[in-house]
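Letters are used for the chains, namely A, B, C, D, E and F, taken in the order the chains are written, and counting of residues starts over at 1 for each.
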Amino acid sequence: MSTQIPWQERPEGNNDVMWRYSQNPIIGRYDIPTSNSIFNSAVVPFEDGFAGVFRCDNKSVQMNIFAGFSKDGINWEINHEPIKMQAGNTEMIDSDYKYDPRVAFIEDRYWVTWCNGYHGPTIGIAYTFDFKEFFQCENAFLPFNRNGVLFPQKINGKYAMLSRPSDNGHTPFGDIYLSYSPDMKYWGEHRCVMKVSPFEDSAWQCTKIGAGAVPILVEEGWLLLYHGVIQTCNGFRYSMGGAIVDKNQPNKVLYRSQPYLLAPAEPYELAGDVPNVVFPCAALHSVEEDKLTVYYGAADTVVGMAFGRLSEVVKFIKENSL
Amino acid sequence: MSTQIPWQERPEGNNDVMWRYSQNPIIGRYDIPTSNSIFNSAVVPFEDGFAGVFRCDNKSVQMNIFAGFSKDGINWEINHEPIKMQAGNTEMIDSDYKYDPRVAFIEDRYWVTWCNGYHGPTIGIAYTFDFKEFFQCENAFLPFNRNGVLFPQKINGKYAMLSRPSDNGHTPFGDIYLSYSPDMKYWGEHRCVMKVSPFEDSAWQCTKIGAGAVPILVEEGWLLLYHGVIQTCNGFRYSMGGAIVDKNQPNKVLYRSQPYLLAPAEPYELAGDVPNVVFPCAALHSVEEDKLTVYYGAADTVVGMAFGRLSEVVKFIKENSL
Amino acid sequence: MSTQIPWQERPEGNNDVMWRYSQNPIIGRYDIPTSNSIFNSAVVPFEDGFAGVFRCDNKSVQMNIFAGFSKDGINWEINHEPIKMQAGNTEMIDSDYKYDPRVAFIEDRYWVTWCNGYHGPTIGIAYTFDFKEFFQCENAFLPFNRNGVLFPQKINGKYAMLSRPSDNGHTPFGDIYLSYSPDMKYWGEHRCVMKVSPFEDSAWQCTKIGAGAVPILVEEGWLLLYHGVIQTCNGFRYSMGGAIVDKNQPNKVLYRSQPYLLAPAEPYELAGDVPNVVFPCAALHSVEEDKLTVYYGAADTVVGMAFGRLSEVVKFIKENSL
Amino acid sequence: MSTQIPWQERPEGNNDVMWRYSQNPIIGRYDIPTSNSIFNSAVVPFEDGFAGVFRCDNKSVQMNIFAGFSKDGINWEINHEPIKMQAGNTEMIDSDYKYDPRVAFIEDRYWVTWCNGYHGPTIGIAYTFDFKEFFQCENAFLPFNRNGVLFPQKINGKYAMLSRPSDNGHTPFGDIYLSYSPDMKYWGEHRCVMKVSPFEDSAWQCTKIGAGAVPILVEEGWLLLYHGVIQTCNGFRYSMGGAIVDKNQPNKVLYRSQPYLLAPAEPYELAGDVPNVVFPCAALHSVEEDKLTVYYGAADTVVGMAFGRLSEVVKFIKENSL
Amino acid sequence: MSTQIPWQERPEGNNDVMWRYSQNPIIGRYDIPTSNSIFNSAVVPFEDGFAGVFRCDNKSVQMNIFAGFSKDGINWEINHEPIKMQAGNTEMIDSDYKYDPRVAFIEDRYWVTWCNGYHGPTIGIAYTFDFKEFFQCENAFLPFNRNGVLFPQKINGKYAMLSRPSDNGHTPFGDIYLSYSPDMKYWGEHRCVMKVSPFEDSAWQCTKIGAGAVPILVEEGWLLLYHGVIQTCNGFRYSMGGAIVDKNQPNKVLYRSQPYLLAPAEPYELAGDVPNVVFPCAALHSVEEDKLTVYYGAADTVVGMAFGRLSEVVKFIKENSL
Amino acid sequence: MSTQIPWQERPEGNNDVMWRYSQNPIIGRYDIPTSNSIFNSAVVPFEDGFAGVFRCDNKSVQMNIFAGFSKDGINWEINHEPIKMQAGNTEMIDSDYKYDPRVAFIEDRYWVTWCNGYHGPTIGIAYTFDFKEFFQCENAFLPFNRNGVLFPQKINGKYAMLSRPSDNGHTPFGDIYLSYSPDMKYWGEHRCVMKVSPFEDSAWQCTKIGAGAVPILVEEGWLLLYHGVIQTCNGFRYSMGGAIVDKNQPNKVLYRSQPYLLAPAEPYELAGDVPNVVFPCAALHSVEEDKLTVYYGAADTVVGMAFGRLSEVVKFIKENSL
């Protein structure tokens, strides 16, 4: 990764494994004219800077995804019009809504996955070479599904995707599964990767969990940054955890953080359209510089950024494994 | 309307169709000695200033309505004792609680409607000439009902009221209906006016909707300012929308805003006894000055004020109609 | 009442206040070609025999009401086509569905009330002189309401109706209210008549209650036959009770049976489309002969008949009053 | 089909499109030593008679599938041991439970699909040539899914399966979808086929629907026999309907029965482990003899049989289409 | 036990470990004049025959307990008046209702336990020497609790009671606990005995379980006959299982039946006030004659009887242990 | 009480019966290295200062209790390791989790009670002399219970404890009960003390109530500071009230505050892991100085302090009694 990823050193006196950007939120709820909120969005290195796909709910509270660009990964120009899809490997590109995008670069192109409205939420897939033209493919799965996240390279010669089977409402359950595809059209070999934890062991992830950022290849395996949810008497609380799964058999969990890596505590995370949400959707990293920069939706309203030393995050997960 | 209505110009750089008063909230939760919260309240021009009926929940969290007066519509003197009703067109003036008042001037007097506790919530009605003596009439409907709002003049020779049939709890549904009465005692000719919108089209109003301010007669018809609700995984979120209905057949909706006009975003709207609530109950307007001033309850805790150019609000609704 | 009402003497050894017809059910679920079930239906003396309005759900399980005729009140000819309404006091005779009819003769005509689908259940009203032509009037109330039952004469110069405010689903609550109308178009003066009983006192009527047969004038006042519901761990159980309300102020309950008068116990009541339902909708009576014959829906599937001595039923209610 | 399919003529006086076998149930709940109930089972012509896969819940109420054989399709010998799976196109043949099997003969072998417990219900697949050895393949989909039914021939060169996405409990929703696979391992091209009907139009199928028997090719297209569910105040009621979908694009519905074809009415359908269930899982047919014989689970307890003239069933669906 | 316990040999061809009395139900729902239902009742040897405490819900559906007597254990004389309690070890003998009694003879007297209404269900305790005078003691526990069953002798010098902590409604959970008391007034040393089983292992007891009959001392330990519940899509289904716990530490489960011993299958078990209930509350046994006779409530409506060879039941539990 | 209790005078212009510490919160969520939140904690005078037992949820959101010490009651040193229990009057000291501690000094030692995880929440008990060694005793009750609070002296020679029977989730009900023990091992003589109030009378305490601080002996009886809960459409809101119960029969309520004493209004009470919570767990008082200092958990995240004049609080409760 040649581009300099956005970064801020750990504040003095802070002993946490990850820390927030001091100027959070980096994207405000009204940062494009039509938006009610901008959150749960994905960024990747692109050309000499960064590109991203952003969830912008408009003031009718319709959910859609928008392309955006940035030189430094912090200051973003987000298009004012949503992404208009062209037919990819199918003519059937129906979509009642689009939300919670992720972006993975595999081989020669950027693959976008998102929660696609087709008789309920399922996983939409599209590819782009330039973040201008997007080609929508067959939905990966039957409804109901959310949080589809691709691995950034083929595994055993096949595309691999994490997802969270759901229901048609505010699903109060959810585990992470893995599926394979030879061709981005047909999917199978579904395996359970990890399930919610027992309440007594790690309550922040005892109600539902879902994949977050595109997995990062580290020495120990794939680093997954995921969200975990607890249901308090006043609603759901979303935090971020980390896990490391086997490089070649990524349904095998090697380590999984018992403590969270980041949980709602700042005002912009505690209040907003949905209070108490930290929801990671993307990460930039540099092995050389030992940096990890996570983008997360805060309170379903804005986008924040958090940092950690990649080696420390991995070590923390290994030493505090569930 | 000879009195100057409260007003503040649109802030520089603001492109929204409506904007908030910079000194919000104008009424705080403890503004009378017994109150736990003051919100969802109604004001009207009165004599050389303004009068109002205010929902003040006391520190036992009993709901009641109080008269108040103001010279400028911003600084209010609210009585410390709740309104004491006298018998109007009935001796049966039972009331377990009173909340969410509206006030409409029709012909020769001020009519107050509110959510009246009679074996559950229904619509209470009273009239006053002076905001000192109030005469309670028969409840308009059987329980369960909320958000009864009178048109400010008779339509086809009859009183006309909007309301939202409900159930006996935190109703998770709700549409707006119209009813007529020849005499403010018997009601009939019930018609459905508008229902919640499909989630895909306008999610902020997909769970329930209810009439807000007393309708305002504009060239196009009656301007309704109403609330719409979405149920997120962490509870209800109340926003304000606008619609225009036919002048003589007000159950015919001509236009209805797909985007909201105002939605919770400020700290006093996002946090309080019920987070994420913007709930309009009254509006002052001046056609001549092209002004619209809305009073709304914020977070079920305090009262805020928002402004718009009347013509722009109407235009916005017409151009962004669902 | 000159016609002989259907009757069967109390079986030997039976000490119950009411007893069933030995040939129950008198109407089977498939008694007209299109029907899935026939139940919750109303009969009245008519000409030299009886007429009735029947709830027949068809095999698409669409709910509608049908006219029928009988010489003896036991053997019925039910029309194969549902009642087709003409405009009565309104042109607005929308109806998504019709169910649970009652019939009351007042002054010069037969008034039919039923649960009418108008954006949810409410009370539909129609009149007929001959059970051939029916004229639909304004719905009595806003949704949501069920079990609208007219008194068979005006009270204090006004029409009077019992009803049970409900919600938009399988309402798990419900009390009986009274409303008045000067003209069968506008309704008001709503009063609570009686509410569910405490579980400890009379559990069969602790979840919801609703008016059943058209009230019968007896010396003590109006005899109401109503249904009461308990929610067991396996669903609702509907039984029949009786109450006596004041002749001139029928919102005043004088007596109300603590024990039920009839509860599901026979196979055709215990099993069917909705198990465990005894649901009275009509009664014939003869003061002279001291007879009371009740028609009730059984298991939401068929129609049954039960008998009692009018004087004994009244005495039972008085002596076993809640 | 050379074997004589089980058959009984329409009873005298019966005008229904389908009628029951007079000796129902054909399989009792205790017909094998360990069983608590035998229901929701599939049969096919096999050799000179019939073979089947039967859902037998044992007395621990564990759900499993068993092979069985019959000469006449009425009298069955069901194995006392459940089917033991061998590895087919995968080593991963985990199964917490198996229920509601269907069997389709495609090209050279019998394919069994069932609801397979893999971290919740999903669609299990196996093939057999002889009903002795069974080879389990990859689950078709991610959880949660039920009622997976294969078309009996490839469509456009691919295997085609109907299924009903579900949740992890007593799913109160459910529509029928179609998916394709080139190889019985990876599945995609998911399309919605048909959804629940509006309550007002056809209430028996307004809560959830699911594919039943393996589709039957008729002149008009594929005949689907499916179940539809209504939720009464006392639980779910399952009935059988029929639809005809396009031969080459079977996600296109040409006709769909508004009335049901068969609904619970007999004692063994109204009472049992789950009252009020008619659940078709298989059908035998003969175009030449114009016969259709349906096997259905009754009350989640026993197996019943129903008959119809194939041409009449098709005609009925066409003439009573929703 | 000198009295001959009621008995009927296993029917020819029956291979079940337990079988029903051919004349079931032995007590009908209307067997005393006021009763709506008689079920979930307890019997013990008494003098030269048997005595019992019976749950009779009256026709107001008020729950109470009644004494009864029998020479043969099959034909019962049940008092027409409920048991009237005198003060035992406390003056506080409040009781909103009484249901589901058990009776244990310990040392010198008969102890009755039941579900006692004191601000919700908890465990009531009384003793009697003669089934004429009953002395009510302190409730054993705080609400909410049900199914309190005493061991028939002190264990380690203390009274020992099984119970099932519950909530204030139709509790959808429930495990069996053990508590000790030195004096029948204060209780402690609460231990979990056994919990619901995993759905995959034994679904009939996966929702809740509760103690049934007073434990029977056999060579292996204490034989517990208990009820287990599964929640189907149409409600709860109650069956009977058996377990053997350690003689001196009865919170240690030695064996527990994976299959049920008896489950609803007969008409009087499948239909009634609460369909699908087999609920054991008492057992008579003779080690010498190797007999076990269980009394159980059927469908919350009547009382049935089932038989087994004591040694076979114990063997069955040991050989089919979960 | 010789130590000076923490105190701050009523702010100018404040007329409330209780007021907050101006430097609230006194303990932050991250005040020990592992903590996610510190709240709902108990303090007592100890040696020449104060000791306390604190609920610190760690970053795995595991709940545990920690000892802490303070010279002034405001600045606290909380141990970084949770309390490690030794066997007290039992070897059975299982504990899945510990939360919401209270501390009462009785005779010669400090008794800690807390919500103890033993197959669900129940009341754990331990004693300490020095806040270094803690000896765990038998759980007081069967699950499910919360908010166990001891009286600070024996009553009628027995230990006395308030508690709130609950269920196994986010219990939406709850009343306060009293139980006695001769020996801290066996408990009985359970009495209902006070129940939730009718919504119309005092809505802030209409959903559930639970004991808070250890009762304080005043002239009128025992002063209880308790929490009350209302369920708004966006979740539970916890406030603090006060009651006075009889000195010798503390299940007799003499006075109970209709208005709350303190309710969520400050930012740290309105937002946090569980918004809108004020939850008192301890109080210090001085009769001589007429001071009352309450420690309360705020938003399930931090600890706050509030003050009142003891005599004024008592007077307020008496004069505003429900």
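Methods note: a residue touches a chain if its C-beta (ideal position, glycine included) is under 8 Å from a C-beta of that chain, and two chains touch if they have at least 3 such contacts.
Computed from a predicted model, the values in this text were never measured in an experiment.
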item: Shared chain contacts [chain D and chain F, defined touch]; value: A, E
item: Shared interface partners, meaning chains that touch chain A and chain C; value: B, D
item: Remotest chain, chain B as reference, centres from CA atoms; value: E
item: Homomeric contact chain C-chain E: same or different residue positions, threshold half; value: different
item: Chain located farthest away, centre of chain D as origin (C-alpha); value: F
item: Counterpart interface for A-D, drawn from E-F, B-F or C-E and sharing over half of its contact pairs; value: E-F
item: Interchain centroid distance [CA atoms averaged], chain B/chain E, Å; value: 58
item: Cα-centroid distance, chain A relative to chain B, in whole angstrom; value: 41
item: Cα-centroid distance, chain B relative to chain D, in whole angstrom; value: 54
item: Shared interface positions of chain A, touching two or more other chains; value: 234-235, 271, 275-276
item: Chain pairs in mutual contact under the definition given at the outset; value: A-B, A-D, A-F, B-C, B-F, C-D, C-E, D-E, E-F
item: Residues of chain E touching chain C in the complex; value: 29, 33, 36, 57-63, 96-97, 117, 170, 234-236, 271-276, 300
item: List of chain F residues in touch with chain B within their complex; value: 15, 200-204, 230-235, 237, 258-260, 263-265, 267, 270-271, 275-276
item: Residues on chain C engaged by chain B in the complex (per definition of touch); value: 90, 92, 118-120, 122, 138-145, 163, 165, 167-168, 171, 173, 175, 177, 179-182, 185-192, 195
